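One chain, subunit A, appears in both complexes that follow, with subunit B as partner in the first and subunit C in the second.
Moving on, here comes the complex of A and B:
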């Protein structure tokens, strides 16, 4: 077996890169960063980065490892997950697919723009130019000189192995896209022990745009503008004035409202022929458009999310909402006064998401609302319990879901949780398992009245009014926005900071844009030395050594 | 590439002498048959030529004990109604009843606690608090290293999150969830037919290996920069990189021939609107995946697999019915005239139909003087016994395959009140994991279930 040439070639590439380590990253040596400083890019952030750096015509093909939701937010899970062997397989395959396209005949002119020639026989200069451009955008910070040399050397070695410059460049780029510096946001302490400027830039752009820093933000970091509160505020205002701020707001609400779960939502097509996966996608889009119209375009009061009669609509959703609509694009539709529809609680997407495939579930709806919108934890049901009496749909005397669920409340053990979930869910019973309005169930008129935290409501509309007025609901969005931005659960005096944001939110008219601005600035400024924070989500009791 | 490697098949002749006393000849001591400690060699070869593979098979929502548990113990057990579908493969299947999950005072989180305790040997009442690896990961650590895929995680429900293989609560091994994706992973462009006479290493693997080797070099420097929890996560990332490098190294060597290996044809795609929760559709999908998996094993693509037919709290339904399997377990009234929940009974019985398909798929591949199943150990289990009460006592377990002659098939063993971790310990020991105890607290097991051992 003649294996030497192979292993020698491998060793050659490895040796070329070995030189760039370990002090490759340009960060100063010093105390370890606190836990929670390493966050895996989400699929959306990965895709956004590739589109920003190489263009939206570069296809990102492959399966991403599933994210992990921690206490309701995927953003918090990003600081808990890693990359499994199967997941790395996929990342590497996706990376090679991207790198091959970047260097192919259709794209190399625009994306590489140079080639080996008389002045640059092996392409060293060309490779250097390429990594000078894409390296900082992918790593969200400048490459160290050793890193730059390393990627150029890998390119040339791989080019010899593969018999072509473009193939070598693709191999090297695939390595960059498989690197921990790309797949993870890694925050390192700067020279003064505080957060370094490029980490600040990433905090701003991923929170406000759900995207990596653009060139202007990287320039601001390099120029020192992000070391002052005023400089940070200027960048925050720039990012929020961009149309891409809507993307950032959408990403927050997708996570906050679990709208990513809509992607795989299926309903029984015999029971709900109106529903299919494309309607599901539109319902998700409807909620996001409705929210950003109110909160970004109109700089609205978050509380009005629960009462507004203005809803994004399109013709295909007519059968769900039983309204006739012409045209093929999205439009803002205003439901008349007195219409049962109004406010987020009556969005068909959320109503369908928290239902069974063939019928509603007041308990699932109530649980979702309590957990997502009110930041309350509803425990799992006790293990040894029979639900048979509760939900026998053929029960001749208990025709409505309310009547059947009443059995929960007659049992002390069940009642402790169902008293929290069911009344809210029963208030939404006028909407079926895909969110269509209905007055009756099995011929019996539906009673959607109840009480919410001690206050009476008569239907979903009046329930929405109570949500509008609830300080718990308003405080929850503050807390969730903070956790989303920081990517972890609060510890220590973080709680006081959140209380202060909460007070400011109320004082300034509950404007979501103002809340996000304040949190963005505080998160990027990070005035404390980095070693001060001891623990983060999921690691209570453990501290960095 | 100026020096393509050409290897004669002569040096790699493997002879599976199932049931005979002769041993393999001509097998070179290739490092890809070994893990670092050499236990894989002992476990999988042990004097025979054909590798022994391990897998788990999962179905959700358990069974109705009176309708599932055989009344007679030992060989030639009876088949109660819910087990009736396995009749054609009964001789390959050992039934284990009465083994319990002990929660040690922890809450029984419905559909989670029983499953994680059974698979990790330790009860956990919250997903993120799961610490121990599942037994398949421990076995893969011991024997999985020599194959292109250390482990294959499959789910027949189309959902990559339906996986019960994890190193800890924040590190789940996601599943390949469709037959088409499975085919592409195994028999796609990276597949080398082990029986092909020609072998030319592809320089692209060399380039990839070199690039990844450089990525891996950063490990030490990066780990020094972060706190303990982040360090563990980055370390896992680097372990994954290292595994990929090892896979690429395998691609540069001619694989030993595998006489049972035949590259299958690509499975036809399910219709775009196929309802994967419909039980008949699911069974068909699962059967396709089982047959592809059998060939992946015969082609030595992996030694360890996990297959989920349905998720815990099974999402199975019958199209047009308002209430699915899981809801039925809690809501369907017991029919007094027959003494059980009739719809629940149907779903449980159909789940066993899928298990029969799975065992048959392995038994239908000829390997050596016997079948692939002779060289496999599959442990099938659910997350509960009676789903209606989320009962984690007497969770049903079945074992199929002879593990290269180490395990008895076709018997029913009762272990009333015994910790179910004894079964997990047994399969680890059979597969060559060097351990004499497994599990924590009341789930700590020190004695294997010797009744199933030859």
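Moving on, here comes the complex of A and C:
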């Protein structure tokens, strides 16, 4: 496909964004918040949308611009990032690839379904029907008459230039897929200053399904059902009853536990030969399956995440957990009482993720747990710190990680932070850098005891029990769920709302599904959109013509 | 959810409550967390024949049938077929002169040299032929009467010095026997006779006539050499499992139950192409590939009572199970959790020769093996299981050693798949 027609199709995007998002153009850090909220689709949401609209056989090929983690959540980062010129080029290439497939011989009959003919010589009617169908699904709202006319006109103009209707349609569709109205969830206030119904629909579906609204939700928005709390609740219940709610829950925990970082996790193959990228993917999947089994399938108590002996397993993970496993698919495995395994803190995936390539790191593990599970902030180490002692894993005197860290802690400056992180991490030292259980390190018995918030623990099991009982841990997931749903950090009276959710969470037995339901309803009923501040310049890299 | 195959009592015990006697066993693997504490299992990775290499023996080494054939040619013809440069040409000449035949049963071969065999009307093409059916197909296609065997993973039908070694005794001339005094092995018959070897540590009465038969053949000798045997997995796609149950004391236990079985799964390998420790394996559903016996552990070394075993041997085009009669297993349990050991028993002549025959004539030529030489040697040196009708021995004393990696076994494949979770052995 030649570039010129697409350039025509996307010309003016920057100008359009400028009009929609005054604060999103130029370097806007510190600019006043606009009267509208904008969140960039994540890669997963982009892919989900294409699969929903065009089918899972349409390949989405290309490199997405990295997401930004803000205070631990990518979801919050979606409100704080935009698109760089290089990133826009990537989106454009991805869009071209999708549009080409949609209109090719293998797919056009199903996905386009019409063609120019005697009654529709230039294909205007056909193009109009196509955009009537896919436009609302991609923009998550009806197209305005001007938008519809614009995409149809671009189709016909490009068709003449490229010598074919399908090529013209592909160019126009690529423009739509490169549009900010597709790439961003924009919440412009309605005439009454309140959140419009389609924005509410998007809030619900992206939070509960990590996907765009389906036709039923768009219909509910169009019919006014989302203007009442009861109508919103009905849709929330419908979405949560769907198998796709599991996708939403998985997306939250992927973000909350930084599981995206598992993608591409590498280990020293000489030290940990049993670990490879395939095992890494399975360990990530294991954690997600374990969590959704407990929290969705069994509507379980979130606190039991830290104590449950039930863990998703598949045969390939047997050597990591040193357990016999039959079969070729995922199954739920229950460790016996007294086994060192139990609870999220002993998941090999998380233990491996927060370790170095060739050794454990109580500090990384402790920092990750404090930040992700307790919503605490641990400062980065100063640039001039020496890790020589800690990294000397073959130190003949300091045989265990605990001993080496203790030597490091003799420095008071280091000790101030390590006192927060290391006790938790040292409690997980019975698990090596890929999460395999071990009793000794260099022949010396590992001491995994410590204290957590003033309470003593002897090993990962008893540490997990303290996490189960910790109000800070439970409150953190409430706060993170709220921030994930709203895509921003709380301001003003948001704190009171979060406290109320926290109280409700405890009152209702710490059921994650109930928490998500309550937050979904509140978020969709939020009377007014708010925006986070952009931190990255947004421009298409082209001059509007 | 209950853990199938593991008693409730054992589940309650957990690692911290295991009997003290088990702790040294656990320490070897730094405290694995699963499996039955009284059970250990291993997957065999490298398995190889062992014997001896006394100085001065095997000089010269055995030569292939092809080399013997070349030596039978006139000096002028020999000069036209320098080796190994003209091995393929010489091989074709041997085929032609000796009347070797090979035909495809279906499809086409990559080189397009082989013709497709005709089938009798009552045998549909694509049928997995029985040996008798193979003979009928062979006869229809002009093979010598009563000659021809399936070869190359049953994809061809062949008549050669490997399919019918008895027809080409002249090609056995270059085969040499191992005439050394020492060889590894075990005293299988409790007797002392002239055929016995002396073990490397001075043990007497070692019965290992198979090594005498093949110990000067380069292919077997190389595979037995320490560098090669430690590097090469054999039968990696269908390895053998060993499960020891009823262990009260892993160093000394007067009675344990030992099961030797074929795995339904290939060896799980890591990024270094080493076997992954503590991988799970299901037993092959073919119960002929499973045998159970009793044994005893003395100072960390397990020895079993004799038992007939069939060990899978699937390697490239080979699929020829090893039938060992009255095999003793000896297994040294290593401090690092691994094991090393051997099977010592009477290898049936037919099952051993099947692995030679399945090499095919081309493979034997390339490996320096004379099929007629091997056949004559094992027939002559066989020393076990005399056939009362013919008066001939049907098996030959042998020694196979192996390396093994700790594993879990999860029961018979089909049943284990249905169960999803299995108790397994540690």
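Quick notes on this one:
Please note the rule applied: the second predicted complex is superposed on the first by the 480 of 545 C-alpha atoms of A that agree within 3 Å, B and C clash if a C-alpha of one lies under 4 Å from a C-alpha of the other, contacts with A are read in each partner's own complex, and residues count from 1 in each chain.
The rule is simple: contacts are C-beta pairs under 8 Å (C-beta built on N, C-alpha and C of every residue); 3 or more make two chains touch, one makes a residue touch a chain.
Here the structure is a predicted model, which means the values were calculated and not measured.
Of the two partner chains, subunit B is the only one touched by A:85; subunit C is not.
After overlaying the two complexes on the shared chain, residue contacts for A:161 are found with subunit B alone; subunit C is out of touch. Of the two partner chains, subunit B is the only one that A:188 touches; subunit C does not reach it.
After overlaying the two complexes on the shared chain, residue contacts for A:356 are found with subunit B alone; subunit C is out of touch. Contact with neither subunit B nor subunit C is seen for A:197 once the two complexes are overlaid on the shared chain. In the superposed model, A:276 makes contact with both subunit B and subunit C. Contacts of A:321 after superposition: subunit C is touched, whereas subunit B is not reached.
When the shared chain is aligned, subunit B comes close enough to touch A:63, but subunit C does not.
On subunit A, the surface patch touched by subunit B in one complex and by subunit C in the other comprises residues 269-270, 276.
Touching subunit B in their complex are the following residues of subunit A: 1-3, 5-6, 9-14, 16-18, 21-25, 27, 32-38, 63, 65-66, 68, 70, 77, 79-89, 92, 96, 150, 154, 157-158, 161-163, 167-168, 171-172, 174-175, 178-180, 183-184, 186, 188, 264, 266, 268-271, 276, 356-359, 380-393, 536, 538-539, 542-545. Considering their complex, residues 1-3, 5, 7, 107-110, 113, 128, 150-151, 153, 159-161, 167, 170-174, 181, 201, 203-204, 206-215, 217-218, 220-222, 224-230, 232-234, 236-241, 243-244, 247, 252-253, 273, 275-277, 317, 319-324, 327, 330-334, 388-392 of subunit B touch subunit A.
On the side of subunit A, the complex with subunit C involves touching residues 269-270, 273-274, 276, 310, 313, 315-316, 318-319, 321-329, 331-341, 437-440.
The touching residues of subunit C, counted against subunit A in their complex, run 1-3, 6, 10-17, 27, 29-35, 268, 270-272, 274, 276-280, 282, 408-411, 416-426.
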